[in-house]
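The letters A, B, C and D name the chains in turn, as written, and every chain counts its residues from 1.
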Amino acid sequence: MITEESVSWDSLLQDTRARLAAAAPYVQAGKQVAAADAVKLLEAVLRPGDKVNLEGDNQKQADFLAGCLCRVDPAQVHDLHMVQSVLSLDRHLDLFDKGIAKKLDFSFSGPQAGRLAEYVRAGKLEIGAIHTYLELYGRYFIDLTPRVALVAAYSADRNGNLYTGANTEDTPVIVEATKFKQGIVIVQVNEIVDQVPRVDIPADWVDFIIQSPQPFYIEPLFTRDPALITDAQILRAMMVIKGIYAEYGLQRLNHGIGFDTAAIELLLPTYGEELGLKGKICSYFALNPHPTLIPAIESGWVRSVCCFGGEVGMEEYVKARPDVFFIGPDGTMRSNRCLAQTAGHYALDIFIGGTLQIDRYGNSSTATATRIAGFGGAPNMGCDARGRRHATSGWLRCGEEYGLQQEMTGGLPRGKRLVVQLQETFREKMTPGFVEELDAVQLAKNAGLALPPVMIYSDDLTHIVTEEGIAYLHKCADMQERMAAIRAVAGYTDIGLQEDPQETAALRKRGIFKTAEDLGIDPARANRSLLAAKNMRELVHWSKGLYTPPARFHNW
Amino acid sequence: MTVEMMIGRGREAIDMIVDPGSFQENRIGESEFSPELGPGAVVGEAKLAGRDIVVIANDAEAINERFPVVYFGVIGMEEAYKMAKTVYTVMRQDAEKAAGEKRPLLLIVDTPGNAPGKIEEIFGMNKATGAYQLALAEARRCGHAVVAMVIGRAISGAFLCHGLQADHILSLSPEFGTMIHVMPLTSISRITKLDIERLEQLAENNPVFAAGPDFFYRLGGVDEMVTELEDMPSAINRHIQEIEAAKAAGVADCTGPMYHGKLGEQRGGRMHRRPVIERMTAEFAAVAEQYL
Amino acid sequence: MALQELHYTFRATEPQPFPLGWSHSGVVGSGDMEVMFERCMLDGEIRFKVVTPVRGFERVWEQVLGRFVNETNLADVSVEINDNNATPVVVLMRLRQALKEARKEAEG
Amino acid sequence: MTDWQALQQKSFYEATARERANGIVDAASFTELAGPRDRMSSPHLPALGEAIEFDDGVVTGVGRVGKHPVFVISQEGRFIGGAVGEVHGAKMVGIFQLAQQAYAQLAAKGADSLAERLPAVVISFETGGVRLHEANAGLLAHAEVMDQIQNARGKFPVIALIGSKIGCFGGMGFVAAATDLIIMSELGRLGLTGPEVIEQEMGREEFNASDKALVYRTTGGKHKYIMRDCNQLVEDSIGAFRTALASALQQPYAEIARCRRIGSEALVDEQLALAELSCEIQPQDARDVWAYFGNADAAAIPEQTTADFLRTVRRRP
């Protein structure tokens, strides 16, 4: 029986108030806490077992707060359940080493993938699930709501209004999920100012601001030095432009990270121009501010770019191109990863990116048996958006070609997102890009995961591009045909060596497999002279001096 | 036989080699160096078996206050220019002397490297070591006998700078802990990712990469191994005489790096150098007319 | 692990001569290779010598070189490759580029 | 070989050693010596399982610039970082010996003809110095090359071209310093100790090797030009290097020899004074030195085009 007294509808709020009261001794003017008191503040507001969001994605990091969290007394604060986008700093894993945290729900762990796998094996860390970004953000509002969020901003005013600028990224979604469920929001800021350039997060959603001794760290993740692009990458890029972009007239795209897509971007003003494709392809992007996109933008190819985050050194360039980027009334860009991922999921005609392994069915993964790499946002774009209801020509055309369309919808018109994987048949040290079974399967066993971490499932994948040519997998009538098409592009890997030449010839006749020659591309032309910019310096020239690459890329 | 490590004892080595009490630091004839300049380089005049010579050595105990990476025998900018200046001073003072009258230069080698600092790179450390080598090569080619005596460490670029431009190179034998190398085998193993045992095994038959005076001996980079400390003065003196005799005979490249190249072949260590040069010479002879 | 030497011999279906007496191209950078073609009487055969640090890919080399012979029908030429971890795509690309350059030089 | 006209346009930085060798001398004048067909690859690398190259990472040969026979050494950074082993080093020495022979033959024909047809050695550096796989032999070869440079003094010029990816470091750093004339592009780097080693010695706070901008400020072409450690700064094309080389060779030998930075007592005195100056300035960064020499906006220098830089720069007096 429920009595009136036993029901409390604001227990979260009560608890929060108690925690805030415990933190009161460390609060100076307004919401400010001195950096020196940050560890004590965390000890005051955290309770064992809390779900804690430590902001950090593949770009910006609340690194100061992460360091402070590592220094709390584990006797007092322990067994935290971390819910965070990305594990990328050493200190993210130090938390588990020290017993401060126990469980992890996350999305991507690139640089820490090896150590993460080790910790799981050693029983130091328990993984809830590996998510895509949107999926994780979704769960912040269902069953992974943070009790405390530790986030980062460029600046705050004395009331606690935050400016997160070009690197807004995950902050709004984390803060909203936390604060609107009575949680506590602690922010590290680079500086405290009289007036922020723009209010990205309103003050009343923020509990504490701490001026960090160093500006928060940002990884220039999307910067690719054109000097490192190889001839083989250029060949694949030529095939993509002619055999996919031009073929389907693709206007709305996302480029995965990597040198293959950088090569495509740098070929638009040269090879693309030569094919007369300007205005016909590549007008709209959901994409970080890739420096390698500068030549295409400057040549008038690109009408709009919606960014998941900022990119170090691109701030001034982006600011000076408000027709192309999303710029606030204050004149600077704001990124919002949740919205950009939504745009990427629903409003694109194609996702294209690289991967580590593709199995004989066409499933792909970046995990290996000893590295839990996670996904990030790629699967949100590298899939067919089943809720999509607007038509574009490339999307419709891909649907028309879809070999199972009749079977699945009775022939009712429906389009299909192009999901393209760029793959080297062999990477460095002759590691094969095509395998019988994904390492992810073994990893799932090793780490006790319910699902093997598959980046893109075979049923979403429409095209594979290797130096051998393009497999138009979606055209296949069944799995047997798909596997044959995969063998045709798999080169001299064990999968590729199982190829039956007659079968391949038949696929070629039906346009399911096309070689560079079939596409009218001379592979001998695939060399670096086709790149619109061959090095970082030329990118700076293209940008009219507005792009200022980070020091580690400033090779002149 | 006395076996004592001589690493870090450059100043003592001077006393062991030259006539007792004859070494006058920082003095070359009427020229004098400030004692503050390049303290890691010890230069001065002395007598060997009664004859005037000039000594250039390393002091492992000196610390150059102005250049934080220069200590423990490291050759910094000041040290290298001081060494070069010493050589030029001797050449200038002896310019009018006949070949056999010119003062010999004795390089006592115990240095772990050239200064690896930021200021050094900004101001061009490469010039400093280069300057000293050019000076030595010039002195050698204009008739001074230049002998290097490795007593401790002769490492990589620092040995190139201070030692390998000599007419003849002597080394204390390995029992003295003498180190001659570019890099210890452990580091080579790490960088080349080759197994250390495999490298050691390969080094038995091929001296081109392993660390130690024996390997340099086989490659012609060391003329003679000195096995007793007491033998150093007589060995050096004997080599000075050999060098002067060879030069007097007027044969080109009878001493110095080019001679050491031939020595390397005679000792079975560097078998590919000569065939390469000969092939190039023959091929050029076939086309020379087009160019000359 | 010493360098490995691999040898392959093929016979083209419609033998074509190599356009020059000899030609060389490429640089042995990481993931790359150089190749030397030398015309010589081999009774209609083409011979390859591959020097490589990589082990365990003998069959892949055979397939890749066989494909090059199939598409070019080269005969009476000896081909030497110094490899440093070039992938099959790079090998084929370099061989094709080398032949193309040689043809261009022969014409020009 | 790619045609010579096209080579002139090509980036020197991106060019292979063979392209540079062919492109820096007059059209179709280059003859390679100990070329790939001679198969003078390293005898030491196979046992170590390291890939070999027919030319052992250096293209050597002879070409013409005007009437001058030019003996060329061009190092290939893609092959083991352009590092010098036994064969590579012997090829360098061989080139100097051929230049000596040519000099002697031309000298025998008389002074006038000699001045007009004076040979030269040109080294296009791209190397980190000694090749560790055959370190001892590589080290000894360095000593020979230094000796050969000294031996060339008073006879014919030795000219350094530096503008390739690896730069010129280690023992080859002082070989370059010992040449008569150094031509660089802003992408060229010249030094002794590589950035990683400096970081290891001094700590990351003092010198962060991954900070490429810092590395370029410390060793790059513009800095070396300000310091007068490089004599000419040119655009990054083979043609620009060739033009600079050709105009240098039109100068009398004495003029070229005046470009040296070391190699005499007077020059050593000058450098010693510079070492003293380094104590006085105590620069935290090369920019401090640029400012000291009168470049008010030192921070802007890296971003300037080569042409703008050459127009406005203040060099060491």
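To be clear about the criterion, contacts are C-beta pairs under 8 Å (C-beta built on N, C-alpha and C of every residue); 3 or more make two chains touch, one makes a residue touch a chain.
Values in this document were obtained by computation on a predicted structure and should not be read as measured data.
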item: Dominant chain pairing [most C-beta pairs in contact]; value: B-D
item: Subunit A and subunit C: spacing of chain centres that average the CA atoms, whole Å; value: 41
item: Rounded Å distance, subunit B centre to subunit D centre (Cα mean); value: 24
item: Interchain centroid distance [CA atoms averaged], subunit B/subunit C, Å; value: 47
item: Rounded Å distance between subunit A and subunit D, as computed from the means of their C-alpha atoms; value: 44
item: Subunit B residues counted as touching two or more neighbouring chains; value: none
item: Junction residues of subunit D, two or more chains touched; value: 47-50
item: Inter-chain touch pairs (all); value: A-C, A-D, B-D, C-D
item: Contact set on subunit D toward subunit B in their complex; value: 31, 33-34, 38, 40, 43-44, 47-50, 60, 62, 64, 69, 85-87, 89-91, 93-95, 97-98, 101-102, 105-106, 117, 129-130, 132-144, 146-151, 153, 170-171, 173-178, 190-193, 197-198, 201-202, 206-207, 218-219, 223-224, 227, 229, 261-265, 267-269, 271-272, 274-275, 277-279, 282-283, 286, 289
item: Subunit A residues touching subunit D - in the complex, by the definition given at the top; value: 227, 528, 534-535, 537, 540, 545, 551-556
item: In the complex, subunit B residues that touch subunit D; value: 66-69, 77-78, 81-82, 84-85, 88-89, 92, 114-131, 133-135, 137-138, 141, 156-157, 159-161, 164-165, 181-183, 188, 191-192, 194, 199, 202, 206-210, 215-216, 219-221, 256-258, 260-261, 264, 269-277, 279-281, 283-284, 287-288, 290-292
item: Subunit D - residues contacting subunit A, complex; value: 11, 13-14, 165, 186-187, 208, 210-216, 220, 302-303
item: Residues of subunit D touching subunit C in the complex; value: 1-3, 16-17, 35-37, 41, 45-54, 76, 78-79
